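Both of the next two complexes hold chain A, though its partner changes from chain B to chain C.
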Partner chain A sequence: MLIVENVRKVYRVKEKTGWLMRKWTEVEAVSDLSFRMEPGKIIGLLGINGAGKTTTIKMCSTLLTPTSGSITVDGYDAVRDDRFVKSKVNMIAGGERMLYWRLTGRENLQYFGSLYGLSGEGLKHRIDALLLQVGLMDAADTPVERYSKGMKQRLQIARGLINDPRYLFLDEPTLGLDAPIARQLRKHVKELASEQGKAILLTSHYIHEVEELCDEVYIINKGKLVAHDTPANLTQSLNLETTLHVVIPALSDSLDHDLRQLAMRYGGHRLITETDDKTWEVTLRGENDMTTPLLSLLAAHHSPVLRLHTQQPSLEDVILHMADRRGA
Partner chain B sequence: MLQVAKATFIRNTLVMLRAYPWSFVIGHILSGVYTVLFAFFVYHYVFAGQLDDRFILLSGSSDYLSYAILGGAFYAFAVSTLMNVSRSLITELREGTLEALLLTPSPRRGYFLGNVCQQVMRTVFEFSVILVVGALFGLTLANTNVWSAALVWILSTVAFFCQALVLGSLMLRFRDTYITQNTLFVIMAFVSGVTFPIPYLPEWLQPLGQIMPLAPALDAFRQCVIQGKPLIAVSPQLFHMAGLSLVYLWIGTWSMRRMEKRVVESIFG
Partner chain C sequence: MRQLSSYLWAEIQKEHRHSFHSKMIYFSLLVWPVIMFVTAYYSFAPFRMGPDSPLARFVAAEQLPLFLLTGYLGYIFYWCLVQSAWQMSFERQAGTMEMIFISPVNRLAFLYGRSLSSLVEGVWLFFCFVLLALLFVGGIHPSGWWAPILAFLILLVSAVVWGGFLSVLFLFSRDASFLYTVLDEPMLIFSGVRLPPMAFPLWAKVISFCFPLTYALQLVRGLLMEGETLLALAPKVGLLAAVLLLLVITTIVLLKQAEKHMKETGNMVMY
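After this line comes the complex of A and B, so read on.
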């Protein structure tokens, strides 16, 4: 298990205060953060830009040293026993970095495999298996500079798996990828956790990706943990507003009055707009679901329903809400 | 460590064969060849073959052309080794592969060893071309003590490698290659006895030559090639070089570790 306990990271930043004057200031990127990564589980680390997600991943993967607190991987300290920890973890980042463009896909994997102490037939078999797994067998001997963005990203995944890590950190892995490739990648990530038992930590700006993949989500804001739960529980726990859209062919004064009364009774508010095709769109927004009373009301007024659509709060709303609340 | 060195050697060779900036190789060879030509023209047409008495006293030989040509060739060798080894990590940083490299548990010594071995391959080629051109313009190799010269050459590679670690950490510190390396190269060319013996320099400038591994390396190499001296005869220069290597290795290892950490914090944090 990977255990992060009360980790804090402070950067010293040089600021220009005059022509030749500089001042050192301290910026706390991560503050008192604790979490665990367990085999077979995918956890999401969310927050708006500058929340400390990438710093956290870099600390877990030994690239950065925490200012205080501890990170242990299977009982080994990430700072003191970094060589051991490095052999158990790996990281895949979005974008097109972390690969040698002049080398072929196979040569990249051979090089990185050697850096992890792999060699001979064992390494050859592992490379073939990974190339097959990420669908790059046909392009294995083509230089990476001729790869498409999606192919480079798939090779990155193979590189991230070359040492068969127990703990995998995915930092915006689908950044800039086309929808079908991103979907394929998500499927692959899911299999890595469910079939190979890898513990995965994911950061992504695509919230639906996190909702789809993660068993648990940690939301951090300005380096501090503000919430931790399953994606479903997080969206329910905050009682955020549900939005109800209904389109009706006509709007009488009495119906308008009753809709206002309904919204007030449920602690919400209503908005009515006339659409281009001479119908009326009623939007009811409130913390409680008003679908059933609305349908009863429309039935009582003999008003047909042309369209009905409910919009539940998303994980994105939760993050924005928490960021606003903390910032206020 | 050797596995990492071998893998890095193969990787660099593949990259070199596919897309090496051959302008670097040509640049190093030309710089050596210009030194050869400069020495030849100055010696024949400016000084009309007349040498200062002190030159024979200080260099132990009256063969100025061999002296200057070997200086040029060895300087090109030093520059080439320093440049390629010191630039390795900053190149990884610029190409976006440093992070992936630092994620692995591979020892950095193996990585640098692989770089320097691959570099030696190129340097042998550059050095040979300069010597061949030098032979056309008056380089005499008849008295060469081949084994001693070869050993001095190998030990010099180690010394330049150690110095390259310090240069490399400075490059990472300033995120610059051009000004940092060229400042050092200009100073090295001037104070290390490349085209004239160090005692010709003003007294206050001479100690600067003593902290450059190029100075004792070049002195020992010239004695083995021009005067055919055995290794034992150049042991003071070898000890001098070994001492400098140890100091540079210590500073280089320490500062490289610090700079890696600093770069990771400032770039990836």
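After this line comes the complex of A and C, so read on.
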């Protein structure tokens, strides 16, 4: 298990104050953060830009030293026993960097494998298996500079798995990828956790990706943990507003009056707009679900329903709400 | 040990494939040493080079071509093997440096492996030198059949150690390229590439003995031009070994400091 306990990271930043003058200031990127990564589970680390997600990943992967607090991997300290920890973790980031473009996909994997002490037939078999797994066997001997963005990202995944890590950090892994390729990668990530038992930490700006993949989500804002739960519980726990849209062919004064009363009774509010095709769209927003009383009311007024849909609060709403609440 | 040698080989292959992507580079290696030698030789030609010239006290006029050839061989050998140092900025830009430092690989092997990646260039250069000297210059008086091999090894080892030292400086900062400019030109002037260090005033002699190339060139010339015995060369070999040992120790200390600095500041990704 990877355990992060009360971790804090402070950067010293140099600022220009004149032609030759510099001033040092301290910036707290992560503050008193604690979480756990367990085998077979995918956890999400969410927050708006500058929340401290990448800094956290880099501390867990030994690229950065925490200013205070501790990170242990299977009981080994990430700072003191970094050699052991390095052999158990790996990181995959989105984008097209972290590869040697003039080398072929196979040569890249040969090199990165050698960094983990792999060589000979063992390394060859591992590379073949990974190339097959990410669907790059046909392009294995093509220079990476001729790869598409999706192919480079798949090679990144193969690179991140070359040492068969127990703990995998995915920093925006589907950044800039086309929808079908991103979907394929999500499937692959899910299999890595469920079939290979890897503990995965994911950061992503695509909230639906986090909702789809993560067992648990940690929301951080300005380096501080503000919420931790399953994606479903997080959206329910905040009692954010559910939005109900209904389209009706006509709107009488009495129906308008009753709709206003309904919204008030449930502590919400209503908005009515006339659409281009001479119908009326009623929007009801409130913390409580008003679907059943609304349908009863329309039935009492003999009003047909042309369209109806409910919009539940998303994880994105939760993040924005929490960022607002803490003055982000 | 097997792991280390396997990694060293992988680093050499990677750097070589990354740098030698065009056959034109091999061609330039063939032409470049010749151009540099001719330039240096003819820059001396307008001056008086007879037995009464100031330089004659240190280098006989008939030995000048071979003196220059060995000097440039050493310099270019160093240049080839240290170019990996300033290419460290590429690793930062490509984000591959993070991927190297996230792994448990031996950092010293990484630094020296980068320098060794130019081994092919070094071998080729040495071959060109021997060919030029035998066919056109003459005057070679080797200590024995083993002298060229030993000279090659002296140049190779000292250049790799120097390359590792420069590479570690580039780990501290993306702006370390100025160090290359500061170190490269003085090395060319003071290491005895074109002029013997003994002809320098005292202050310049002090500078010249800061560069391992100075000691390496003295040994190479002793082995190939003056036919000195191993016994006669032993003190110079000892001196070079001491200088290289000091450089290796400094490199190890700086490497630890550089990694600690990168982990504290996060400057590994800055380029």
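The rule is simple: the second predicted complex is superposed on the first by the 327 of 328 C-alpha atoms of A that agree within 3 Å, B and C clash if a C-alpha of one lies under 4 Å from a C-alpha of the other, contacts with A are read in each partner's own complex, and residues count from 1 in each chain.
The rule we apply is simple: a contact is a pair of C-beta atoms (placed from the backbone, for glycine too) under 8 Å apart; a residue touches a chain by one contact, two chains touch by 3 or more.
A quick note: this is a predicted structure, and the numbers were derived from the prediction, not measured.
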item	value
Fit-or-clash call for chain B and chain C when the two complexes are aligned on chain A	clash
First (chain B), second (chain C), both or neither touched by A:Ser252	neither
Touched partner set for A:Gln312, first chain B, second chain C, both or neither	neither
First, second, both or neither for A:Gln196, with chain B first and chain C second	neither
Which superposed partner A:Leu63 touches (first chain B, second chain C, both, neither)	both
Partner chain(s) touched by A:Ser148 [first = chain B, second = chain C, both, neither]	neither
First (chain B), second (chain C), both or neither touched by A:Ser296	neither
Chain A residues contacted in one complex by chain B, in the other by chain C	11, 55, 58, 61-65, 82-84, 86-87, 89-91, 93, 95, 97-103, 107, 110-112, 114-117, 119, 159, 163
For the chain A and chain B complex, residues of the former touching the latter	9, 11, 29, 54-55, 58, 61-65, 82-84, 86-87, 89-91, 93, 95-103, 107, 110-112, 114-117, 119, 143, 159, 163
Of chain C, residues touching chain A in the complex	2-3, 6-7, 9-11, 13-14, 17-18, 21, 94-96, 98-105, 260, 263-266, 268
Complex contact set, residues of chain B against chain A	3-4, 6-8, 10-11, 14-15, 18-19, 95-97, 99-106, 261, 264-265, 268-269
Complex interface listing, chain A residues touching chain C	11-12, 55, 58, 61-65, 82-84, 86-87, 89-91, 93, 95, 97-103, 107, 110-112, 114-117, 119-120, 159, 163
